[in-house]
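Naming follows writing order (A, B, C and D), and every chain is counted from residue 1.
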Amino acid sequence: MAILKRLMLSEYLVLFLSVLYFVALAPFTPGFATFDNCGNLLATLLPLFVVAMGLTFVLITGGIDLSVTSIIALTSVAGAATLNSSTGWLAGSSLAIPVGIAVMLLIGGAVGLWNGLAIAKFRMPPFIVTLTTMMFVSGLAIWLTQSKNINHLPAAFNALGGKTWVAFFITAALAVVAHVMLSRSRWGRWLYAVGHNARASLISGVPVAGVTVSAYVASGVLAALASVIYTGQAETGSPVMGQRILLDIIGATVIGGTSLFGGKGKVLWTLFGVLFIKLMDNSLNLLDLSYFSIMMVKGGVILFAALMDSMRNQVLVAA
Amino acid sequence: MIKQLFTLVSLGAGAAILFTGCGKPEPAGGSAGGTAEKQLTVGVCFETLQTEFWVAALDAFKAELAKRNIKMIQAIADGDANRQIEQVKNFITRKVDGIVLVPKDAKACLPIVKAANAATIPIVLFNRPPEASGARSAAVVADNFALTQETVAYMIGEAQKTGQKHKAMIVIGDLGDINAIGRRDGFDAAVKEASATLEVVARVPSEWNQEKAQAGVVNALQANPDISFIFSSSDFLFPSIVSALKSAGKYKKRSEPGHVILGGFDGDATAYRMLVDGYLDATGVQDVYFEAAAAVQALLDMREGKPVSETIRDPGFVIHQANLKEKAPRMWGANVKK
Amino acid sequence: MKRSPAKPFLWVLNYASVVLFAVVLAVFGSLSPRFLQTGNLVNILVQSSSTAIVAVGMTFVLLTAGVDLSVGAIMFVAAAVAGKLVLGGASLPLALAVILLIGLAGGAINAVFIVRLRIMPFIVTLATLYLGRGLGLWITETRAMNLPGSFLQLGTDRLLGIPLPVLVFAAALFLGQVILSHTPLGRQIYAVGQDLEGARKAGVNPGRVLVLVYLISGLCAALGGILSLAQLGAVSPTFGSNKEFAAIAAAVLGGTSLFGGRGNVFPGAAIGAVLIQSVENGLVILNADPYLYPLITSGIIFLAVLTDSVRNALLAKLSRRKIRVEEAVSAG
Amino acid sequence: MISFHDISKGFSGVPVLRRVSFAVAEGHTLGLVGENGAGKSTLMNILGGNLQPDGGSMLLAGQPYAPRHPTEAGRHGLAFIHQELNLFANLSIAENIFLTAFPRWGPFPFIDRTTLRVQTAGLLQQVGLDLPPETPVERLSAGERQLVEIAKALSQNARLIILDEPSTSLSARETVILFALIDRLRARGISMIYISHALDDVLRLCDDIVVLRDGERVGAGPRAQFTSERMISLMVGRSLNRLFPERASQPLHEPGRAELPLSPKIRAAQQRRPTHQRFMVPMRVAENVETTQEVLLEVSHLSQPGIIRDISLVLHRGEILGLSGLMGAGRSELARILFGLDPCARGEIRLKGSSISGRSPKWRIQRGLAFLTENRREEGLCMESAIADNIALVSLGQHTRPPLGFLDFPKLRQAVSNIRNAVRLTATVRDEQPVKTLSGGNQQKVVLAKWLLSQPEVLILDEPTRGVDVGAKYEVYQLINELAERGAGVLIISSELEELIGLCDRILVMGRGEIRDELNREEFNRERILRAALCDSVTP
């Protein structure tokens, strides 16, 4: 019991669960524990982690960002439109890739800025603001491309996502930066303070509006970076890129332990959450389950993880 | 606390049961008795199962593979290109002998094909052609564009018979879906020639959602009560369209006056029924059985290094009142078990 | 406070959603004469009825500072089972009863996890969303089911010249609003949403309130499911998908706060749902470019929420001043 | 009425109540006093069924009484009026009162609005609150809410009412109303337990008095046996010879108080003034000790329609300026305007000569302004987060490490521990502990520490000792003195006249958003202040 208790209290709980899950399934799941499979796992884990990081910032301030997937889509086509080697505005130019990526980040940041301003300046509820942004931006992406995909992307660009080790280093770098910003910078402290109590923070001289906006901008930019990886992996700019992964992103972040009510969250936790979700996905379709059973198992496992978490909190209270 | 623990354990058990419960794929997919030589395994990855057509196609593959005593494992990408990449990589991990892929779209599948090539696993793209590239693959395709154009052309022919001008409506699918777009473009192409007989007064986006389709058609009829020509980008939207027509009192047999010329795409069971009952004029049918057989054959040929043509065309066919009897057997919708 | 000079101005703000609704009607009306025909207005009501009723249930949940993402999934499961039954020769009333029961069951499941096991509503209902969708697809074998005409009858039948769906719509609204504002439960819902611990201290049983709220939400989801069945006469694998977002949007459009304790069913949720539907309806009538739909709809929702929050800010200002005046009086 | 027998309770091994026994006689009012953390609230939580005792028993009207749940306590006729009020701002007065007992239409589950209205009106009349029953509670002042709480207790015709710090948030007038009400209730034979730090009130209101210290009953008996001096000595365990330290005099030194490591500058300053060696708090300027003519804060003709009118005041270096007046006289509103939280239409605010009108709070803080709000829980602290984080929040900027400007944790930790000693935060609490676990007194010390760390020159303190126990109060007063003596200007808002009179150099009296009167130390006089404050209201 005591050992169980310690385990439950540990912030590595989700990691333990993931490992447990892996070990438990490895024997029954053909090719689960193989090297290339772990490669695939990593490849799909990275971009999700990048988006989830951004969401973590927003959740810490007590908000939520539903628009990330639409940002992925829009930046994907915008970037592709800029740098593809057939019809791109900068086709062939050596500047194509840097400028293209810059455009993507710029757009991501801009959308985030829009969200942030609406929420911080006009006191609009984050959920609905980002919901409308999601509708609008994804609609925009599809409209601009008239539903067509854009490909012929330069190999160098595709490598950013396609070559897993490149994507890995990009992600790792981002994660380190994000972690340091959260735990060691004044901005990080402000983020948590705003999430805990915006009024008290304002009176304590925290630029609440600025901090809030910055969180959404960060989320937008990170979504754009994730889009770089996704687009690279698909070697295509698609207006529906990432359309269906919204629940995965939120699920992963929250399972990691980041609170939807603000003030609580860590990059590390999010990593664990993402790992958990992806392990599940991966194993489930290795198990050759029909996809509705995949959905159901997924639901069950999410509940399971949440249950663990709530028990952990009760243990905490008891202790 | 203890109670919680209890619930937790039981829930865990529940999840486990789910695993084992769903773990076994449907009998059709299961290996039909092991034979002497090593049984082949084929991975079938569909982009979605959201419409009956895909289900029928999947069944067609199950049947075809079972017939040839090949083990089938399936994965559904649920409309997510990146997840699809992941799933095919999983197939490769499992060292399947061949891959059938319904790509999310024609372009996003290139990395997948390359991966398969790298692993020297033959891969056949089902229903959607790949972009021209260095990657080696065969594709079995029924051309949305061409087949739609053909279908609509037939409908226009019907329209011209009536001798008067028609107001037309198209129910468009999800603007994010390559099929929907292909069919829309096919419709537009066909209509362009016939501007004399046809004026398109309503373009209803359905997002492949029946409710939206139904509301959209009702509203369009509200705006233009004299619409007399409707093309639906997929047969699975017909129930919605029919209920809309009924509420407007415009759902008439071809024989009756005030009949609205109806056309669709896919050739599912609903469409078949409507054809038989004489409400539907025509629908573009993809020959699923042909496609499945051709795809599997292509896989086997590729394994044995036989030459396989880059794209195997499913002619598909327009089924209409005139050729109903003769074509029905090859219309998958006519054979779906209900 | 009665003597506040800004009263008419405040009225406009207070009913921002209503005003916006009027504007939308006016604009589309001026662009197309057909839009304002009674026939079309009835269509709008019929078409928004399903979402509106789900939104009613959602409002109850939101008032307790929770959320129910599983409504769409519940609709789907219920419809799927009912469909199977009817195709298996069961009678229509039985099918309807089953749908409602399944709705309650879904709500009950959510409630158990949220209340007994104290898991965040968001996560619980997210999970049940997955479970429900999967279950439904399993039942339907991911095939579309065409139901007998009797269902469509429900959608088209009229009582006193009013389509049944509209009547159900009205009834649900009335009931919902009565429960919220004229029953102890209703007021306790507001209390729990404002401050759960406080409610417990005050002797309210929050567990009971929450359970009831999720049951109501499940029931409304099922009812909404019936209404869309009545209009579609078929169950497709996408049945009820994204209903949760539509419902939340409608509720919030109507001024319900996602943080609990504030909002109402009428005009709130009703206006919200009808407003969104009128926009889509209007766009079809104008034969607008399909690509513009999401852009315009989202734009209008945003506008509504914006006015709402501006209104709140202003009200806060005004009421602060009022407090001063009052106190000066009460101190004198 | 109710009697406690050897009630014991501990949290994770730490005993909070040690075999406490006493009884409340039928129809009597019992005063329960003790420092924060003495176990009063725990005892009341046990009485109310929120907690179960580890040992001991209770008798209610002779029957064994062991509530498992608040509702059970309610059924037995107990009513609690908590320090932080449990009203729902989004509901009306009537709905709050009858939340769990709405009058219904016969058998139907519908609220009978008319009956509700009538009954509520009756109750409001009893408690002397003249407002329409459907007024939303969010429109009420703290005092009015308190009265609603009592009305609620009456509605449940409670036999035993427990009032926890009822008068803290009340203005003088509201207190008068409350006390009159309590007398009426007692006349009606209702028993009460009255918990308060306002010892004079306890003496005035209660028949019997029980004193707790560290979870033990250290004194009990009829009122006659007690004086506030005695109660204090019992509570604190040592006798304070004064309630208020003398202004600018040599502060008394108690053994065991923390010595601060001081910056060289301050040390230098000390050499010159050996008398002030004790309990230094870090200050930017440590030169001038006496109240000087140097103006730190100057406010001229400040007006905001409906809030304040033509406010002018100056605050000098080393001065403690009191701001008295009724609740809702515009004191807190003025403070918020000074700090830049609320807008002001006309007038100018100058800090050390330069105008700060229209600047953000952040900007003002950086120039040495500090604001301790009256509302600790909503505006003062992040209740969920750690003590250290709360203390550091304002001054994160001063504790960063170049070149990247990341936080310098060792430096920060050092600064935090210094400051928490300076404000004498109870030694046992850990820096990582969430603030919500602290007693009111310690919470307030954390807020002070937070502001002191930013080394302000002008402090605006709004009700700095609300809900703070006697011992801590005294220490807060000393801190305020030290700040002034070390060259800060302090503007202190308080509803406790004694506090202002004991502490301030000057007192301004506000009413209806205007300054009504100004008194210098030598002319301090309760009557005059009260008259100025309530000139146009019923005099107590």
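One rule holds in what follows: contacts are C-beta pairs under 8 Å (C-beta built on N, C-alpha and C of every residue); 3 or more make two chains touch, one makes a residue touch a chain.
Keep in mind that what you see is a predicted model, and the values were worked out from it rather than measured.
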Contact-richer chain pair (by C-beta pairs counted) among A-D and A-B: A-B
Approximate Å spacing (C-alpha centroids) for the pair subunit C, subunit D: 44
Whole-Å gap between the CA centroids of subunit A and subunit B: 32
Centroid distance [mean C-alpha coordinates] between subunit D and subunit B, Å: 71
Residues within subunit D bordering two or more other chains: none
Sites on subunit A at which at least two other chains make contact: 142, 146, 291-294, 296-297, 300, 303, 307, 310, 314
For subunit B, residues contacting two or more additional chains: 4, 7, 49, 175
In contact (per the touch rule at the top): chain pairs: A-B, A-C, A-D, B-C, C-D
Residues of subunit A that touch subunit C when the two form their complex: 118, 122-125, 127-129, 131-136, 138-140, 142-143, 146, 247, 250-251, 254-255, 260, 291-300, 302-303, 306-307, 309-310, 313-314
Subunit C contact footprint on subunit D (complex, rising order): 50, 70-71, 74, 80, 82, 86-91, 95, 99-100, 102, 104, 109-111, 113, 130, 138-139, 141, 144, 173, 305-307, 326-330, 333, 511-513, 534, 536-537
Subunit A contact footprint on subunit D (complex, rising order): 12, 339, 341, 360-362, 365-366, 371, 373, 378-385, 389, 392-394, 396-397, 400, 405-407, 409, 450, 454
Footprint of subunit B on subunit A - complex, ascending: 30-31, 34, 36-37, 39-40, 43-44, 47, 142, 146-149, 151, 158, 162, 230, 233-236, 238-245, 281-282, 285-294, 296-297, 300-301, 303-304, 307-308, 310-311, 314-315, 318
Complex contact set, residues of subunit B against subunit A: 1, 4-5, 7-8, 11-12, 14-15, 18-19, 21-23, 25-26, 49, 73-76, 78-83, 85-87, 89-90, 92-95, 105-108, 110-111, 131, 175-178, 180-181
